[in-house]
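Chain naming follows the written order as A, B, C, D, E and F, and within any one chain the residues start at number 1.
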Amino acid sequence: MYLADEAWPDLEAYFESETLAIVPLGSTEQHGPHLPLATDHLIAEAFATEVAERTGYLRTPTVTIGVSPHHRQFPGTAWVDPPAFRDYVESFVRNLTYHGIDRVVFVNAHGGNVQHLREVGRRLRDDDVAYAIEWMWDESIPDLVDEAFARNGPHAGPKETALIQHLRPELVHDDRFAEARDGGAPNPEESVRVRNGAATFYDAVENSDNGAFGDQTDANAETGAELFDAASDQLEELCEWLAARDWDELRAPERVSREG
Amino acid sequence: MYLADEAWPDLEAYFESETLAIVPLGSTEQHGPHLPLATDHLIAEAFATEVAERTGYLRTPTVTIGVSPHHRQFPGTAWVDPPAFRDYVESFVRNLTYHGIDRVVFVNAHGGNVQHLREVGRRLRDDDVAYAIEWMWDESIPDLVDEAFARNGPHAGPKETALIQHLRPELVHDDRFAEARDGGAPNPEESVRVRNGAATFYDAVENSDNGAFGDQTDANAETGAELFDAASDQLEELCEWLAARDWDELRAPERVSREG
Amino acid sequence: MYLADEAWPDLEAYFESETLAIVPLGSTEQHGPHLPLATDHLIAEAFATEVAERTGYLRTPTVTIGVSPHHRQFPGTAWVDPPAFRDYVESFVRNLTYHGIDRVVFVNAHGGNVQHLREVGRRLRDDDVAYAIEWMWDESIPDLVDEAFARNGPHAGPKETALIQHLRPELVHDDRFAEARDGGAPNPEESVRVRNGAATFYDAVENSDNGAFGDQTDANAETGAELFDAASDQLEELCEWLAARDWDELRAPERVSREG
Amino acid sequence: MYLADEAWPDLEAYFESETLAIVPLGSTEQHGPHLPLATDHLIAEAFATEVAERTGYLRTPTVTIGVSPHHRQFPGTAWVDPPAFRDYVESFVRNLTYHGIDRVVFVNAHGGNVQHLREVGRRLRDDDVAYAIEWMWDESIPDLVDEAFARNGPHAGPKETALIQHLRPELVHDDRFAEARDGGAPNPEESVRVRNGAATFYDAVENSDNGAFGDQTDANAETGAELFDAASDQLEELCEWLAARDWDELRAPERVSREG
Amino acid sequence: MYLADEAWPDLEAYFESETLAIVPLGSTEQHGPHLPLATDHLIAEAFATEVAERTGYLRTPTVTIGVSPHHRQFPGTAWVDPPAFRDYVESFVRNLTYHGIDRVVFVNAHGGNVQHLREVGRRLRDDDVAYAIEWMWDESIPDLVDEAFARNGPHAGPKETALIQHLRPELVHDDRFAEARDGGAPNPEESVRVRNGAATFYDAVENSDNGAFGDQTDANAETGAELFDAASDQLEELCEWLAARDWDELRAPERVSREG
Amino acid sequence: MYLADEAWPDLEAYFESETLAIVPLGSTEQHGPHLPLATDHLIAEAFATEVAERTGYLRTPTVTIGVSPHHRQFPGTAWVDPPAFRDYVESFVRNLTYHGIDRVVFVNAHGGNVQHLREVGRRLRDDDVAYAIEWMWDESIPDLVDEAFARNGPHAGPKETALIQHLRPELVHDDRFAEARDGGAPNPEESVRVRNGAATFYDAVENSDNGAFGDQTDANAETGAELFDAASDQLEELCEWLAARDWDELRAPERVSREG
C-alpha cells in the first residue's frame, strides 16, 4: 500500500490493524559516467514498492536527497548535510508515530545514509517511540552479490548497474561500461586511499577519477532481476518478522545485573 | 532536464552555461475523502517537469514531505516540523550552489510551505549565496481560478481536484465529490474559525470535518488541463525572466540614504 | 493589570483565579519618513494596556524588537533573526505557564511577526502547554479600516499614521505626509513586486523608496481614536471569549475517524 | 537620542558620524514585597535615557525580560532561558552593526544577565564584529553604595529601593519596608546557602523567604537621586571613553610571543 | 573509587547503595611561564582522587578541556566554546543518571567553567534529574589562602603554584618565579582593566603580559600540601553532606505563597 | 611532546615549526567482566604518548568520554550523545587551529567514535580549516591481529585484553578470562543479531550477555607488547607522512570536469 496514492479514509483501516511502515531512502548523486544520479533512490523505491505490494505493508514516499557530500566534485550531485538529514528523517518518523506506527524499515540504498539512519533509529528507540531497522539490499544477499560479479565495487559498480538495467534500462548508458571501468577504480581495494589502516580521503574522487568502482562490463539486466528478486525475498521476510514482534521485544533492554 | 535521470558527464554542460534550478516541493497530507495524500507533490512535480521540458532548465527531485502538522488528525498525513524542513531545504539549496547554481524557483504546491521557503530564501539572499523565488501555481492565475469554479477553497477544493483529474485521474475518487463537499467546508469563508480578526484554530479539522474546502462537484479534467497550461505559461515566463537577470539585480539592495 | 508594575504579593491572587495573559509584541523598524520606528510596538502596547485596564487581565511588558530584516536598508531598523525571535517568545511564554497561565493573546502589531507567533503557538498547543492566539488590530476591523482611508497600505500607511497621531502625536511628523506618500508607494498594489504570481522581492525598499505605503495625507487623530476604540472592543471581546473557555476546548483535536 | 522615537531620515546622520549604541537590559522579576517586578528594567532604562540625553549617543529600546529562573517561585517572575536570551541579544546587536554600529554599552541592571552578556560580547569581539561592554550602575560606584546603606543586599535591597523611590515613587510600597527586611534576608551574608565554599542553592527563595535582601528601611529617594547622578556620571564617562577609541584598540589582541 | 579503573561487575554494588558521583573538571590553558597548561585539571583530579579515596564515593575521569578562550593568545591554550562545553557536560551527567546517580559534585579548578557548570546544574535540577554542586578548592578555604600568600592572583598565582609544587613538582619551573611575577600582573587589582565599574577586557593578556597574576615567589610545596589537605577536608565534608540528603531536600522549591 | 605538561613559553617553538597535533580519544565503557572501563582511552593515550615521544609531535590530553550509548546497560558506562561529542571535538580542534595547527591525527580506540570523528573531520576539511585523520590501532595491523588470536571480537576481546595486560596489568582481572568468554559472545559472528542483512540490535547487551566478545583466554601481555609496538610503528609512519604533506595536497579536491 502506497501512502501517497490513498485518500485518507482509505488509510484508516491500516492504522487500526498495523503499526509498520516502510520508508525508502536514497540519494541523488553521481554514479559513474553510465548510471543516473537517481540510482540509489530508484533502487530503494523499487524494493519498497515491491515488498509493499507483496505484503500489504504501508510504504511512504521516498527521501531522494541524502548525505552525499563525498560525491560533490561530480556535476549534479545533490546532498544535505548530516544534521539536516538526521533531523528531517527523525521528524518525519516521529510524526508517523502520531498515527500509531511504532516500527519502521528504512529501505536504504545509499551507504552514506547508514550511520545517520542508525543514529536516528537509536534516538527513536531510546525515547521509546519507535523501533527502526536500516536495511540495504546488497547486505541481505552478500553471497549472491559476490558470486554474480567478479569485481564488485562499493559504488556505481556492476551490482548497482545490473539493478538499474533491470529497473530502468532507459536510464543506463550501456555504451559507457568500459569507460566506467577503465576511468574509475576497477579494483577498489587497490584504489581506496588507506594508509597505515586509516582512511586518508574524504571524497570519492580521491579514489576514483570518474566516480565508479568495479567492473561494470559484467553487469546485465537478467542478473539484476535475479538479485532484485532475491533481495526482495529478504526484505519481505524482515518486514514479516518485524511486524510479528511484540512491542516489548523491540524496546531497549533493561540494565544488566550480574546477580541476574 | 531532470537532474536525477542524468549521468554526471551529461550535466557538466548545463552548469557551465546556466545557473538556474527548479526545485519542486509539496506535501503528503490529507486532501479530503476524494484526493490522494500526494496531491500537492504531484502538482508541484508536474509543473516543474512541464516547464523543465519546455525550457531546458534543470529540475531536481521533488521534496515530498512538507510542513503539514495542521492536517495531522487525518489518517496518513506525514509531515516534518518547521525547523527540520527549513534546514533540509536550506542545506539542499546551499549545496546546489557548489555546482554554480545561484537562482532557484521553488515550485511549491503546499500553502503550509510558503513562509518557510521564504525564510530559507531570505537566508540565502542575505548571505549572498543564491536568489530563490517561491511560486504557487494558483497564485499565478488568480482570475482564471476564480472564474473556473463557483466555490473554491484553500485546500482540497475544486482547483486541486481538477488538476489531479488532469494529471493522475486514476487517483481521484470521483464518486466522493458530493461527500467531500457536504462533509467538509463548502463555503470556506463561513467555516474558518476567525474571531475578532484572529485565527482561533491551528488545525484544518477545526474548520472542516473531512479536511476538504469548497465545492468539488464543479471540478473536471478539462478545466484542470486548461489551468495547468495557463499556469505553466506563467512559470515558464518566470523562469526565463529569472535566468535573464544579472546577478547584481538579484542581490540584496544597498542601504538607503535620504540624500541619495 | 500590568505585571511589571506590581510587587509579587499583589500578583498571587491573579494567578489563583485567572489563567490568561496578554503579551504585546511589535517591532522597531522604519515606518516611512513621518512615523517613529517605535510605531508597531507603541500600537501593540496601547491596545494591550487599554484592554488590560478594561478587563483586569494581566498584561506583560512589550517585546519591542521583532522580525524586521525586510526593513534593514532604512537607517535604524532593529531586528532579530527568526529563530532567535521564536525561541525568545517561546521561552518567555513557556515560563509564564509556571505560574498557571495556559492561554495567551499575542497583541501583535507587526505583520512580520505573525507567522513566527503562529509557529510558536503551535509548539505550545501541540505540547499541551498553552493556547496562544495571535491578534492584529487591523484584522479585527477590516471594514472600518477600508472605509476610513481611500488608499491604505500594509506598512506606514494612513491607518498606522492615524493611530500614532491618536496615541503619541508628538512623535508624528505631520509635515512629511505628502513626502511619505509621494516618495513611497501610494498605490501598494501597483508597487509590490509580484511576477507571475510570485513575490520577487525580499525587502520593503524594493517596493517603496522611502518605506511607506498608501496615502498618509488622509490620516488624522480623530479617525485614529475611532479605530483604536473599535479594535479595543474587538480585543476585549476576544479576551473574554478566551478566558471563558474550558481548557479541553482549547487543546488540539483528537484524530479523525471516518466511522466516528 | 532614542532610536525608537525617531523616523528613519532623522537617524541617518547619527550613523554617519557615530558608531556607538547604548542598549539597556533588565528583568521582570520579583523584587521583594515592596518593589515592582519592573525594578531592574526601569533602572536600566533610566540610566540609558539619562546618558543618551546628556551625550547624544543612541539608545535602543530596553530588553525587559532577562534570565531570571532563580526567581521563579515568586508569583509573576517572567524569564527566558539562557540560550534564548543570548541568541536574542546577539542577533539584535549583530543586526545593529548593519547600520555601522561597532561598539555597544549594555546598560544592564540585572545580575543574572551579566555572564550571558559577557558571553555574547565575546562572540561579537572574537568575530571582529563589535565590541560590547557590560555595565552595572552599582559596580561603578561601589564605595558610594557601601556608604549609603548599612545593610545592602544583592537583590531588592536598599540600593534598588532608593533608586525606584527616586525614579518611580508611585510603584514603591513604602509601607512594606519592614516586612521586606524582616521576612527576607536582612543580613545576606548569613542567609546565602554556601557550604564548604560551594553554593548549594539555585533559587533566591532558598536564601530569602520573601525574595528581598538587606535592610530596606534605610532607603529614601534623596539617596536614590544621589546614587543615580553619581552612576550616570560614570556611565557618561564610559561612553565617551568608548566612543573615542580607535577600532583597532578594541579588537582582540594578537597572539603572544615570548620573543616579542 | 575510580570509575574508569573498574570492570563493570565491580561497580554494580556502588550504584545499588550510592547515588553520588564526583566529576573533576579543569582546563588546559596557559598558567604563566612557570606552570604547566595542565594546572587546573591536575588540581581538580587530585582533589577528586583524594576525596574519592577517603570516602569511597565514585570519581569519574576528568574533563580536561574547558572554557578558556580568554587565554587563547598564549601558545598552546586549548579550549572549547561555551555551548559545546555545556552540552558535553550536560550529556555526560544526564547519562550518569541512567545508573542511578542523582547528585554530583563538580570538582572544578577553573574559574572560566563556573558559570557554565551552574547553568548545566540548573538545567538538571529544573528537570528534576539530578542535583549538582560546583565546588572550587580555594573558595572553600578563603581565609587560609589569604593568609598563606601576600599577593594572590586569580590565575597562575602563588596558590596554584604551591599546589602544583606539592602535586607535580617536576612540572614546575621554579627558576621562573620572579619572571612570572615581574612580567605579569603582580598586583592584580591594579592590572585588571575595569573602567567605571565595567570590565573593558575579554582576554587575560589584556591584564597580564605573561598570563600570570600575583607574586609566585611566595609559593612552596609545604604550603601547597597544607592547602591541599585543608581543602580536601572541605570537599570530604561537602560530599558527606550531599550524600546524606533526601532527594526531596535537593529538588527545586515549590512556588511561594504569601498566605501559605 | 605533551601539551599539558608544558608551560606556554616552551610551546612557542613547536607552533612556529610544526602544524600537526595528535589527539587521543577513547571511551569509558564496559569492557566485559575482566577489563576496566578505561580500556579504550588507556589504549588511545598509550599510542599517542608513545608516538609523540618517538617523533616529537605534540599530543593533547585525551578525550575520555565518547559515544557509548550502546553499552549503557552495563553498570558504570559513561557516555555523551553524538551531537554533544561531535560539537565538543569540533570546537576543540577548531580552536587548536588558532595556534597554527592544520592537521590532526585522531588516535581513536573506540569504534563508536569513528563515524563521528569522520563527520567532524569532514566539516573541518570542507571549511578549509584543518585536515584530520581518524586512526585505530587494530585497523593498522589487521593481519597481525588476526594471526595473534584464534577468536577475536570487536569489543573486549583478546586483542584489547592483551593490550591492557601490556599497558596496565594491574587493571586486568586475569581470573575472569574464562568467564568473559563463556558468559559473552565467544564467536561474535554467531552472536551479532543480523537478520536479512540488517542489524536488528542497537545495544551490545543484545549480542553478548556480559558485554565481551571473542576468546579472552588467548590473551597475554607479550602479544600485547608486540601488537603495541607494531601499531606504534604504523602510527609513527602515518604522522610523518601527514606532517610532510603540503597543505594543498590535503585540501578538498576541485570539481571534476570530463574534459579535464
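In the analysis below, a residue touches a chain if its C-beta (ideal position, glycine included) is under 8 Å from a C-beta of that chain, and two chains touch if they have at least 3 such contacts.
Since the model is a prediction, treat every value here as computed from it, not as a measurement.
In summary, the chains found to touch both chain C and chain D are B, E. Look at the CA centroids: the one farthest from the centroid of chain F belongs to C. Counting C-beta pairs in contact across D-F and across A-F gives the higher total for A-F. Two copies of one sequence, chain A and chain B, touch each other mainly through matching residues, since over half of the numbers at the interface are common to both. If you average the CA atoms of chain B and of chain D, the two centres end up 48 Å from each other.
Note on chain placement: the centre of chain D and the centre of chain E lie 28 Å apart, centres being C-alpha means.
The distance from the centre of chain C to the centre of chain F, with each centre set as the mean of the Cα atoms, comes to 56 Å.
Across the assembly, chain C contributes residues 8-9, 12, 33, 69, 72, 74-75, 83, 98-99, 211, 255-256, 258 that each touch 2 or more other chains. Chain-to-chain contact here is organised irregularly, matching neither a line nor a ring nor a star, and falling short of all pairs touching.
Chains touching one another, given as pairs, are A-B, A-C, A-E, A-F, B-C, B-D, B-F, C-D, C-E, D-E, D-F, E-F. Listed in rising order, the residues of chain B touching chain C in the complex are 33, 69-70, 72-75, 82-83, 105, 115, 118-119, 121-122, 125-126, 133-142, 195-200, 202-203, 205-206, 209-211, 234-235, 237-238, 241, 252-256, 258. Residues of chain E that touch chain F in their complex: 3-9, 11-12, 14-15, 28, 30-38, 41, 60-65, 69, 72, 74-81, 83-85, 87-88, 90-92, 95-96, 98-99, 171, 173, 176, 211.
Contact residues on chain E toward chain C in their complex (touch as defined above): 255-259.
Chain B meets chain F in the complex at residues 8-9, 12, 98-99.
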